[in-house]
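The next block holds one structure in the form of structure tokens; read it before the comments.
By written order: A, B, C, D, E and F. Residues from 1 in each chain.
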């Protein structure tokens, strides 16, 4: 169950209205890498995690709830930056200030930089944030549905990446405002993305093995091939020479993929090279991992029982935590 | 700030897995009239309401937060109905039960009605709810962005309508499951939509005047015309004869709109008929309402001050409430 | 069958080109609360209404058709506001006026405020309206599909809300143009939204009972609970104290929902309070309403007959109408 | 102005309910190549055509209006095919027939093939068509906005193509129903697409020159090059050998594009080959066409005048028509 | 298999940064008629063409691959036009130049016309092209999925239309830049659209018969009717008088469609008029075409065999080609 | 420039048609984590990488091009799995086999499992892959636009995550087919995702520092706080106790966030705890990183020069590569 207290997690303030920056800030309200995307991504992933991995469920829900609280901070900041618009629009009979400002002649010109103000603030929501990005594109779950794969080692990697992207957006936004209060808020929010990054990284590290994601191993015949598909000005680096980063196989560099593919009739008869893995060891590992992973899930949520969500799942108390 | 407790608001349970019904139930998770749409609609509207109307902000945030809690209940129910899928899929090496079931030969046929199971549960999220409707369409803020108009008398009407629609979806869903536990949960959720309907209705009634929405009056020359634009098998009713429901003007029925429009050259020179209102009374009312509405907003959020969200807005203590 | 006459329903005119306002006006052409949304919403709902409720079918089709006519008025106004763009673009070899204007040096600067002109008018449709909102988002049926629920008491409430929102958009648009002709047209269109509001309200009132929407009653155990989910600065009002607006049950205010839910193990064992309704009376009403509603529909459209749309459905002639 | 008569343009009938086919038929209601797309495409294009080309405006609006009438026929057919669903769902207390049918045990099994019935018919619109395609994807103007380019020779080609596609969908749909009434209706609708195809083709032919679309000529250095970008199993045909279809230039076949591009440093210094056109003749033609096209538009809609849509544009009376 | 060489097909250059034009140019990167749409449209159609029509597969893949190469050219041009943005944003601690420029006081004002720069370049991708149109709408396959119909005579007409539209967009874009290098590139790309137009036209002409698209003939009772659905200022032309363009039937002009439809009870009993075709000849043609078309496809890809893509399909060597 | 050879990179085969699995396989053709998403993600990121980091440009383009080649393999496999559909549909006059099969009475029942076949294969593309996911949702760039942030350390993390997700989808798909040929192909494609994962990981490791992404440091006052926002059944782990994974700061666990936030008035006056970093060291690092990063970009692409894409950027020859 969710609960709300009317205080914001961070004491957000603004010095003066700035609809143009409010429009840019929508990127963090309803954008691809914004707070709504973050909150719903982790919230959605949490459902699947809960039974087999209640500790991961805990961290996902902690962060999801914090992201909802950040969404509120961003929305509150946008709302404060839009102060004046709704009041002006309500003064409908007297022909509002707004029109004069948009003609570029008004004294409050600083307030509304016409050129970047989202039209939705003027003729749509009339001074209230909407769930769009900075260009008015409605938020869509297409941003995040793919990030829930039913496998935590994949999902947590998506979360680390998502926090990286959200951090970048705050870093850029910081360069488009001079308001010291707003900068304080953005700085707090940017920092929390970095904090969450490390939490997800730690959670991922606590699952072993975590590579490759899922259960099935990669095929040793194809796992260390590097196809030089874009030729001219080629480079060598640890991504195509030496050993692969996780499996420590030796890269096989295919200099001329067209010739290679034609001559091998589409890699027919390819054999493992530069690796100690064999088809047999892979098969065995597949079977072992299958048993391990399916058992831990099926035991946590047996298919032939009634299910009740509110049953406690046996959490541990922290002893080593540095609690405030 | 949001806060989460791991107990659900309602003790949701399921008797046995039912992926087919889980797929239908997505309509209330990520559908047009589902709980995510409800929660975000009220949450978004609340930002604009807060300064001038802190009491309406209160009710919007109370209900928004309850809807987030219902979103969680729906998600938890879907997750429980999908028990078994993820575990089977993890058994990747041994060829999971799932395929045999999908061939229609398995013993657990009841569990997975292949024909209606959302593919995303099988090859996407692998047994976890995604933010889509029952046909896999990703949730989009296009469902709700238009419902935030910067005017509470319009917004609350959108909310009443939204609760009506959500109630219908639960009523239909109830007919596609036999699981008594699931029916209990759906019955609770359906009832809450009816409860919220009445709360929004009461909130709307407490604003006066609330018709027409916004500030400007309707033009008496056109406000009581009824155009018979679809001919053949015409009907008479209180919507085109007698007095209009709010303004109590007398309907003017235009039997043959083509002739009427052609002869009047597009309603040029139309004069008010069947009404006591005049252009002058309307203009005066426009001015009065403009002043009233813009003043109450501008006074609550003066444009030339620093803004701080966390400042208390002077709530009243309830005396007459029947508190549990 | 639809039919078109080349005259507009209202004699729309513009004084001079204004591409910037044309861009804003797109909100009523292809926006969430625009005329296309309105026309298709009522047109879609009408199909389901036709057999059991031919009088509601009549009013829905009358208004749907008028909304198509309004869509045309809006499109025609946009087209006239864009006069000059297409002609300039066709002068492709001579380097059109447009570029000079966009450099901000031209004499016709008034004509094209570069900053707010939708790019689609320049490099897409070249001076013709497209089905987008004022920010270029393509119109999507996601705006309206949810508004057709197969129950008229829900659908008509959606229509009342929709007219409220469309009215607001016209009210805002009126503040961004000085052209007296355009203001006349917007004033006409705004007034018609108010007129339709009242028609839908009257239609809803003519259905009894109309609360709750659909067939099933709310559960008396949960129907009058108010959860104080957003704490701090709480308010009391007719939405959480006294009697509920429709069922006249006494509100039960849950001051501390977390404690309440935890102690009741998710509302288990909740009993009706503050209401005269019982589980039994509700069940009986459910059965009665089910019979009533299903019978009126099944009799109007028997499932075991051939269906022919063009069969007359027995319309009544108006006697009391004040016909022009 | 639009007008509606309650009779359908074609006497649509159905023999018996068939929700599965109704689901497929949605492809023509709210699909990419369906009737809504067609109606709005031509309606949108018509705005831009009206002033310079009132005869093309006439044909676009005639066909747009017919497509709206076809949209109604398709919707009416879907509605009749869904007979029974809404009535069953209204019988909510008694547990509707629907559930039993979905279990595959009912006698009316023929009526509802569970496997292909769109869930939206069950828990969304409850037996009424929605603006989606056969897979539930909401209709989007992304299907058609690009088809309005501000140039009739491009737009009419889009229309010819659109009619071709719509024809194909009807051809396929005809193979999924056995209902002779429904086949009659589909046959009528399919035929009208073929009819419209020819009307658009004739309209395109009546504009001269109509190639290339727009004003500017193609550059003779690049207009007849054929790049063999996909090698292996190459073919020769009139599209890469002999003369080009419109400009009658001789194709220059580039056998090995990689070598050709590398050696020419990205086509630098390319000269016209296999053509009589020169840079000079092209430039002259560009200037002439620019003048011609911009003048005919600017004269039809002068930029410095008030605009009034309802002014008659001087239509001619047909003499040679074979009128019914 | 695809292969990439780092040289562009055309030597694209830019004189100086111009983020405003880069924003407009997105229309050809991720817009409805842009290069991504083109490349994927032909690539998608090619799959279905390959077995029965390997020569059409060849031309579709040649052009699809060239369009991918054009997508790269457009992206590279946008990237070069954005030079400076990313570097400035990286200078995050020193408060980048960008903000000063956006205040309209900077010396590099020419570089960033704030008013038209897509926000995504500032706070999203930070100076890199994204797959959106010029208004920030994400590219969607809704633009093109309908263009793949499983019938080449329809698909090639869609391609001809698509090339026409893309040509128009380049023609318009050419009018919004003064950079001679950029104009060179746009001129090359525009010319290639005209070239592709003719290739698709030739490919269509090489299929016989190619009208109507698909297999089934139009019904002679309805194929030459012209419904005058939009009245007032009617025109006569080869699209509604004389003979139809392909079937050479005589148009039957229905002056008053409402009366005609009412009196004929929805065209019941309509008989062929103004045509030599009969129901019988049509039926025979349907059967012949069905056999012809299904046989050529089924023989090329027999349903009861293993399928292997890489098997050569017997291409012919060109003899008459004018090869470079 | 792209180039295409008609041989697939992998010799894809299918044993027999299976439209049901073809529908599921669409998830990798036009789904959120499919090959089109992968190809365009890396291709889009590459533009920004090219000037400052030509070696990263090389690996991004190599992998992007391979993903296009995989998209082709997936499409070819879907096409082969759909063998027979187009041929049947062309047999339009004779009433195709398809309908009989859909009635569940046909002998080829195995071929078409009606219940899971995407309708688009039947009435849309008629047996050709479309750019949708397994539920018919059109591909949208919303899946990937956010993954291009203008910072390689963020982008490469998105790529690692994306490869993880794509791997999972293949792992799941492998469980829904029995065709040994198809399994071979899926196994190859799955393995390549694992290979790419490691390449991106190596590329990320080669950039130093790579944490946090971008330029600005996190604020030490907030970077190690853990808010226990979801209470009940709490867990302790390396994500909320001990040291943070990258910065090695000591976690500060906030047990009761509501109280903490209320008492600190929204974290006002928060001081760094459990960290050696100070505001000053952070500021200095911000300045250093700003200079470093902006300089390396601005030097690679100076803003005051003409830009030419095809200029070689000085690639190194590999010496240590193990080339095939």
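Everything that follows uses one rule, which is that contacts are C-beta pairs under 8 Å (C-beta built on N, C-alpha and C of every residue); 3 or more make two chains touch, one makes a residue touch a chain.
The structure presented is a predicted model; accordingly, all values stated were derived computationally and were not measured.
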Q: Based on which chains touch which, give the shortest step count from chain A to chain E.
A: 1
Q: Give me the chains shared as neighbours by chain C and chain F.
A: A, B, D, E
Q: Nearest 5 degrees is plenty: how much rotation brings the CA atoms of chain B onto those of chain C?
A: 180
**Q.** Type of chain A:chain C copy interface by residue overlap (half), same or different
**A.** different
Q. So how far apart, in whole Å, are chain A and chain F when each is placed at the average of its C-alpha atoms?
A. 12
Q. With chain centres defined as C-alpha means, what is the inter-centre distance between chain E and chain F in Å?
A. 27
Q. In whole angstrom, what separates the CA-based centres of chain B and chain E?
A. 38
Q.
Quick check: how many Å separate the C-alpha centres of chain C and chain E?
A. 34
Q: Note the residues in chain F that touch 2 or more other chains, in rising order.
A: 1-9, 11-12, 31-32, 61-62, 64-65, 69, 89, 92, 115, 120, 124, 126, 132, 135-138, 140, 142, 145-146, 149-151, 168-169, 171-172, 174, 214-216, 229-230, 232-233, 257-258, 261, 265-266, 310
Q.
According to the definition already given, which pairs of chains are in contact?
A. A-B, A-C, A-E, A-F, B-C, B-D, B-F, C-D, C-E, D-E, D-F, E-F
Q.
Considering only the defined contacts, which chain B positions touch chain A in the complex?
A. 1-9, 11-17, 30, 36, 40, 43-45, 47-48, 50, 61-62, 64-65, 68-69, 72, 75-80, 83-84, 86-94, 111, 120, 124-132, 138-142, 144-146, 148-151, 181, 214-216, 283, 286-287, 289-291, 293-294, 297-298, 301-304, 306-310
Q. If you look only at chain E, which of its residues touch chain A in the complex?
A. 1-7, 89, 92, 95-96, 98-99, 102, 114-115, 118-120, 122-124, 126, 132, 135-138, 310
Q. Can you list the chain F residues touching chain B in their complex?
A. 23-24, 27, 31-32, 115-116, 133-137, 168-169, 171-176, 178, 229-233, 257-258, 261, 265-266
**Q.** chain B residues within the chain C interface of the complex
**A.** 5, 7-12, 31-33, 37, 54-55, 58-59, 61-66, 69, 137, 140, 142-143, 145-147, 149-151, 153-154, 157-158, 160-162, 164-165, 167-169, 171-172, 174, 187-188, 190-192, 194-195, 197-203, 205-206, 211-216, 218-219, 221-230, 232-242, 244-247, 250-255, 257-258, 260-262, 265-268, 274, 312-324
